[in-house]
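Okay, got some structures for you below.
You will see two complexes here that share subunit A, one where it goes with subunit B and one where it goes with subunit C.
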Partner chain A sequence: MSQNRDLNGTISYQQALGNYHLQKQSLEGFPAAELSMDEQQLLKDFHPDHRQETMTTLQVGPNKGDRCHKQIADVLQADSRIDAADLAGARIQETDVLVIGGGGAGCAAALMAAESGARVILTTKLKLGDSNTVMAEGGIQASIEKGDTPQSHFNDTFKAGHKSADKELIKKLVMDGPETIRWLIQQGMQFDLNEFGDLLTRKAGGTSANRVVYFRDYTGLEMMRVLRESVKNSDVDVWDYSPAVELLSNESGHCAGAIISSLQDCRYVQIKAKTVIVATGGIGRVHLNQFPTSNHFGATGDGLVLAYRLGARLRDLDSFQYHPTGVAYPQHLSGTLITEGLRSSGAYIINALGERFVNELKPRDIVAAAIIRECEEGRGVVGDSASGSSDMRGVWLDTPGLEARNPGILKKRFPKLIQLGLKSKIDITQTPMLIYPTLHYQNGGVVIDENGRSGIEGLYCVGEVSGGIHGRNRLMGNALLEIISFGRKAGVSAVKDRKTRGHKQITIDHISNLRRELMQKNMPMSGKSPLLFPQYAQYDAEKNTTASNESSGFCGVCDQ
Partner chain B sequence: MNNVLLHPDSLGTNLSEWLSGNGGTGLEKALSDPAGIISIIKEADLRGLGGSGFPSSKKWQFVAEQSANPDKYLICNGNEDEPGTFKDAHLLTHAPHQVIEGALITALASQINKIVFYINPEQTTSLDNVRIAVEQWETCSLFEQLQAQLETPLSIRVMASSGHYIGGEETAAIESVEGNFPFPRGKPPFPAVSGVHGCPTLINNIETLANVPHILKNGAQWFRELGAGSSTGTKIYCLSGDVLKPGVYELPMGTPLSELIDTYGGGMLLDKKIKAVFTGGASSSILTPRDIDVPLNFESVKERGSSLGTGAMIVVSEGTGIVKRVTEYVNFYAHSSCGQCPPCKTGTFYISQLLNKIDTGQASEYDLESLINLCKILPGSGRCHLLDGAMQVIDSSLTHFIDEYKSSLRP
Partner chain C sequence: MTHNLNDKQTNNKKDNEVSLSINGQPITAPDSLSVIQALWHAGYPRVKGVGCLDGVCGSCSVMVRRADSPEIKMELGCQLLIEEGMDVFFSVFESPLQHNYELSEINTSWDVQTEFHKIFPEAEKCRHCHGCNKTCPKGIDVESGVDLAIKGRFRESGELFVECVMCNLCMTGCPEFIDPNHVGLFARRVTGYFHTRPSNLINQLEAIRTGELDVDIDIEKQP
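Up next is the complex of A and B:
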């Protein structure tokens, strides 16, 4: 095999494309990679979670002493945005259940709580449904096929999570799979069906059976469509453009509501609630170690910070999932996810030399680490003047090969991907796409029990903000299952557990505790969190929010 | 600091450790001369540390003079539910034996045969630890000697109170012990004459009782010398709010407020300026920076127009809205009113509405006038102290921070 390389040993986009086509036309095609690699060693050497130089130890809070990424520590150990003086004149609204977050988990929780007869307010930072849920493409796992069982689902999930997940949580998750699909269908969600009207299923990386049900390559979007409609048609009071900036506590330190920064009115509102469900999603938009991210604009880890300050314990803070197949070229689409459905349908991953180097159906962390290894060891594509980007790097996702083996599959099954190709001026049936791992999912989060309760009374956490279900690595399709399954459970038990007498007092005393700890440890008080928006959004929350009636007349986000 | 009640020798739930350290001697001395107990307590000038500051010896004497009908009760009051107060829970959790020994000596002094530990239900560790501690006492030889001396079986019951704020009031506690909702009763008859099931009943705060074994052991003179200036004994102060190191501090009674905040509390959080201190929990009035030198004892704080109360000091820094704080406290009272006395039921509700209106910038000058008028009319019109407490804190905030109220009004 002839190999194109620059004199300095790197392989440019065009050279790699040449290598690819050469190998594709050869008689042997792309033979399977040799699979004798030591997976644990691979993760240790190349997975970003194992890079000790990017880690630090937490100094304050319930997880004091734990290791985590420096950027996570920065937000967890920052000062609050709120001072007691900010609340003078802030309106107080009372409710039974407050849901913070307007993605899939928040909607499912709010719907169930409202159905149980509680007064429910759902606040969301942007607009209802504007979340990571809509970006889920691959599908949702449920053991509904003949020969598949919840036990196999359990085994796959536990194994993929490196045997560190909470078994009780997985048990609840897998047992709830079929019922969750039934509920979604009742809400009006569509799935791809065979000619008899049965649900179509497919395999995902790391699963032992066909277990993923899906709708085209926009399962999450379809899910969010029906959830949004259901919420709009329910009694849930939805507050758009209303990020939570702090939780409230009562006289016993239990959660008693939240302080909302209303972006439209530019003022703070206190919501006094009997129980609070935090469903704010993950933290990808802090771009750990400068990785591109597939995450939604709002994924700034707000819920993690709020719960931590109130004393909730977190887990697996050093564990993130890097989706192996994020777009690496063109750069303005960098981080955009290419569904794993493509790999589960049989697409190969090929390095710049035209070789397969990993079993594409291995769990995400293995595949991602293998891609990083190829690039670091000089077998990846690197940026050049032709691509207009110097820090670009990646490997090929072989869409032309997949199309050649299954004519028509791209158009039928992956219309969104074809669109993505067109946007990049690439015909993906002819030219492979350049990919690189993208920061995708926060594996850890707030420690919860099987109903989504955190360690703090009155505080529930569901969805990506919670931890323990996926251990240290998540299987495709388990996130959509988790948000609905645990969202619904939390909604029901939040109503059941609510205190009938309400809170005697609502305060922000826990913030004083945080400040005390920070002062005693001589830590800087300059940083503020929750971030609310990524740094590059340059949104100044303080400037745009007051507690009084005097609106500043300007609101950076909502154009009002 | 922490010389007596919170001294390491006073802590722990193991009875034999307590008896081999600070404990046991006080009860032994009491058993050798039961008739002399009250005079020692009187000489020591032990006060009710739950907020009243009433001389304990007088209360004990009243009950001692009553004849059993057929029983006599001692309620050890650990209902403690005021914002900013957490000393009794701390004592019961970490040092239950001195409290129990204090209760036993008190029972001997006033010839009481039924002791009830009445503890806030949210303090589950306190409840557990007291139960463990009581079981150990019941099999102890000193307990047998005490029963022999009393010439009647002595029972100790540990019960969770209802968790209502008003449950801490003496007559409400009596209702609660009888198994009823804690509605405060009218007085007279006073509990010393007719309390639980019509029997003479003595009610003492946990911290008061905890001091008793130490006084008996070391003598009245020793206790008097513990205090600063003319005060006697020590006091557990609950320091909270915007200070660097909040917590419980046992200091000589009469320690200046500034020393509590600066020396023990580590100064102000974020080095902000001090704006006000709510003394004695929320039901007392406000001290301002010019009172920072006040010795924290019953008389001196009273001279400054406030009261020591339970010894809770909630420190508020510049930047905190006083109207907001007062509103929070009054909301607490409105929530806690038992609804028995119409002036309290409607009064606390109405003033909490008014304050919320002022705090959120919706109120007019007329609303503020209504509030000021209500402060004159309402006090004294409830059976218990709840309404007065609520009005006192408003009245005091109006005196010191009227400008802040005015600036919150609608133009």
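Up next is the complex of A and C:
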């Protein structure tokens, strides 16, 4: 074994690349890793969820006393952006069902609600389809292969989530898998098929059968463009550039709509709705533990905050998914996702010494923790002599080996990755990509029932904003299944549940309660949430964007 | 890394930095940044026209003129690395949908071609000016895709649009007001809707419908 290191014990990008090629050309190649490892201990020692110094205890709200990440606590316990005075001049719009969020879950919910004959408004922070859904690559799980069963899908999902998920929710999810695929095909979505027209399937880390169906490594793009077109051709009223900044409640504390803050004209609008479906996605853009993220620009946990303020209970708030294969080099693409489909197809992960160190098809939390262990124990690439940067770290994703064993597979199945290689000036058929875990998914979220109902009457939460389906770790392909399956269920239920009578009184009393609680606990009132945008976008709602207008001569918020 | 790009611009231009203009504003930033990252780096707010930052949502289309050429090209702002002397404008074209159709209103696959020409009557007016191909930031042969759709070869047409991110730039490049990307998406959707009938999926749907397959949530009891 080559031991190409610096004097101070670290291994540079070039040295590690040398080690990789030496080992690749050796007779033994890359033998499988020793598999005797204590997985629970590995997670405890190296998974970012277990960094106690970044955790805190919630002081206010339904989850008072629960542990969660400091950055999550900051947004959950921040002041509202809204005062009663803001509502005085705000236009009022009425509808039956309000869907907040324009990704896959929101579109599925809106389509089903509109199909049931309800008036539906879908509001989205940016444009319809701007979401994490469009970026999903790996695929969607459904037990359809001969010999595979919903029971196996259930068992795999429950086990990968460390036996903490809500079993009834998983049962609903897995039983709905094949029907969800059928519905997507009926929307006009294509999947990769074999020569006889059957759906192709592949494994995911932690699955016992080939169960992930996919369209190249563009599954999310194909899904989202089809759903977007469906929604735009339906009766759903789509409001782009309309982030929700607060929910409305009625005299009984039920959800009664939302306040949106238009990015078009910087005005507030009150949308009164009989039922509200929150489908705002996750929170990767707060960069927990300073990790880069694979998430969409708008993933700032807005729905989580809104639901919590109205009294909805959350779960597994301390559990996040760090996807093992995020780009570590080049640095301007840091955090960009490389699909698990590579590992499903047999790609190895190799450390800076040229060794495999984990079974690549273990669930994501185990593989991510193992990569972090390699880097912390000096077997990862550290720093980059070429650019002189010191915070780069990672291990290799062996695309050249995969291509050598399956000639042509990269071009045929992974066109998006080829593009990423071109942008990185790396020929991925010859040179491996340097990867490191990237903040990918919020495992927990709002507690829901089998139809996506939260604990608050009139309020539904579906998709990444909800919790319970994945427990404390999600399998590849279960997120796309969840958003469509539960999105559709919520859309149907929201129409059934709509009250025949309108709300007597529409209020934002829950904000007064929040402020009282914050003051009683002597909590700072300076921060405001929901965040709406990551801090580096320099969006300033307070100044109503005019300050930035004056300084820059143009407004990147509303283009006015 | 994308999350510490909020450093304010300094006047001392370093080795790896380039100067360019974005929406008329002079900006200096490291050459490893995309157009959007460069704007943030220089301290300008920018949320509109920002999306997935991964090249697939189609929200961040920009017009760009490089220092060495008078030609204006269309690109995606999150994917375009900045270069010395570039002139970049965020495109603000609104692109209202001109067509309305539902797949369920097409009765059989025999009717697709007729319906296509009813839904997209302007498609056959294509004058092969390559405007759509020139504006496509993904390098798709849009014009051939439209041509194939006109001929009723929807599966082949759709194949050309695999990497289409629906940025709508080809619409802006078409003098006949064809919506080429929506033509491509129509071609893809009818192919899925009418011709995807996987036996492995259909068998499993039937087994679930008849109750042959069910889930026992009491996992501990299983062998």
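The criterion applied here is as follows: the second predicted complex is superposed on the first by the 545 of 560 C-alpha atoms of A that agree within 3 Å, B and C clash if a C-alpha of one lies under 4 Å from a C-alpha of the other, contacts with A are read in each partner's own complex, and residues count from 1 in each chain.
One rule holds in what follows: contacts are C-beta pairs under 8 Å (C-beta built on N, C-alpha and C of every residue); 3 or more make two chains touch, one makes a residue touch a chain.
Treat the numbers as computed from the prediction; the structure is a model and nothing was measured.
Asker: Specify the outcome, clash or fit, for subunit B and subunit C once both structures are aligned onto subunit A.
Answerer: Aligned on subunit A, subunit B and subunit C fit with no clash.
Asker: In the overlay, answer first, second, both or neither for which of subunit B and subunit C A:Pro178 touches.
Answerer: In the superposed model, A:Pro178 contacts subunit C only, not subunit B.
Asker: Which partner does A:Asp38 contact after superposing on A: first (subunit B), second (subunit C), both, neither?
Answerer: neither
Asker: Is A:Pro534 touching anything from subunit B or subunit C once the two structures are fitted on A? First, second, both or neither.
Answerer: A:Pro534 sits against subunit C, while subunit B stays out of touch.
Asker: If we overlay the two complexes on their shared chain A, which of subunit B and subunit C does A:Glu28 touch? Say first, second, both or neither.
Answerer: A:Glu28 contacts neither subunit B nor subunit C.
Asker: Kindly classify A:Glu53 by the partners it touches after superposition: subunit B alone (first), subunit C alone (second), both, or neither?
Answerer: neither
Asker: Please tell me which partner, subunit B or subunit C, touches more residues of subunit A.
Answerer: C
Asker: Check the residue A:Glu195 against both partner chains and state whether it touches subunit B (first), subunit C (second), both, or neither.
Answerer: Touch status of A:Glu195: no partner.
Asker: Tell me which partner A:Asp130 touches in the superposition: subunit B (first), subunit C (second), both or neither.
Answerer: In the superposition, A:Asp130 touches subunit C alone.
Asker: Would you sort A:His287 into first (subunit B), second (subunit C), both or neither based on which partner it touches?
Answerer: In the superposed model, A:His287 contacts subunit C only, not subunit B.
Asker: Please give the nearest C-alpha separation between subunit B and subunit C in the three-chain superposition, to the whole Å.
Answerer: 27
Asker: Determine where on subunit A the residues touched by subunit B overlap those touched by subunit C, and list them.
Answerer: 548
Asker: Using the touch rule from the top, collect the residues of subunit A that touch subunit C in their complex.
Answerer: Interface residues on subunit A, with respect to subunit C: 126-127, 129-132, 134-135, 142-146, 149-151, 154-155, 158, 167-168, 170-171, 174-175, 178-179, 181-182, 185-191, 193, 196-199, 201, 216, 218, 220-222, 224-226, 228-229, 232-234, 241, 263, 287, 290, 292-294, 296-298, 330-332, 334-337, 391, 415-416, 419, 423, 533-540, 545, 548, 552-559.
Asker: Show me the residue ranges of subunit A that touch subunit B in the complex, using the header's touch definition.
Answerer: Residues 83-85, 87-92, 251-252, 501-502, 504-507, 509, 512, 515-516, 519-520, 525, 548-549 of subunit A touch subunit B in their complex.
Asker: Any idea which subunit B residues touch subunit A in the complex?
Answerer: 83, 122, 165, 240-242, 244-246, 269-270, 319-321, 323-324, 328-329, 331-332, 335-336, 356, 359-361, 408
Asker: So in the complex, which bits of subunit C are touching subunit A?
Answerer: Result: residues 1-6, 23-25, 32-34, 37, 39-40, 43-57, 59, 79, 81, 90, 92, 97, 99-103, 158, 162-166, 182, 185, 188-193, 195-201, 203-205, 208, 213-217, 219, 222 of subunit C touch subunit A.
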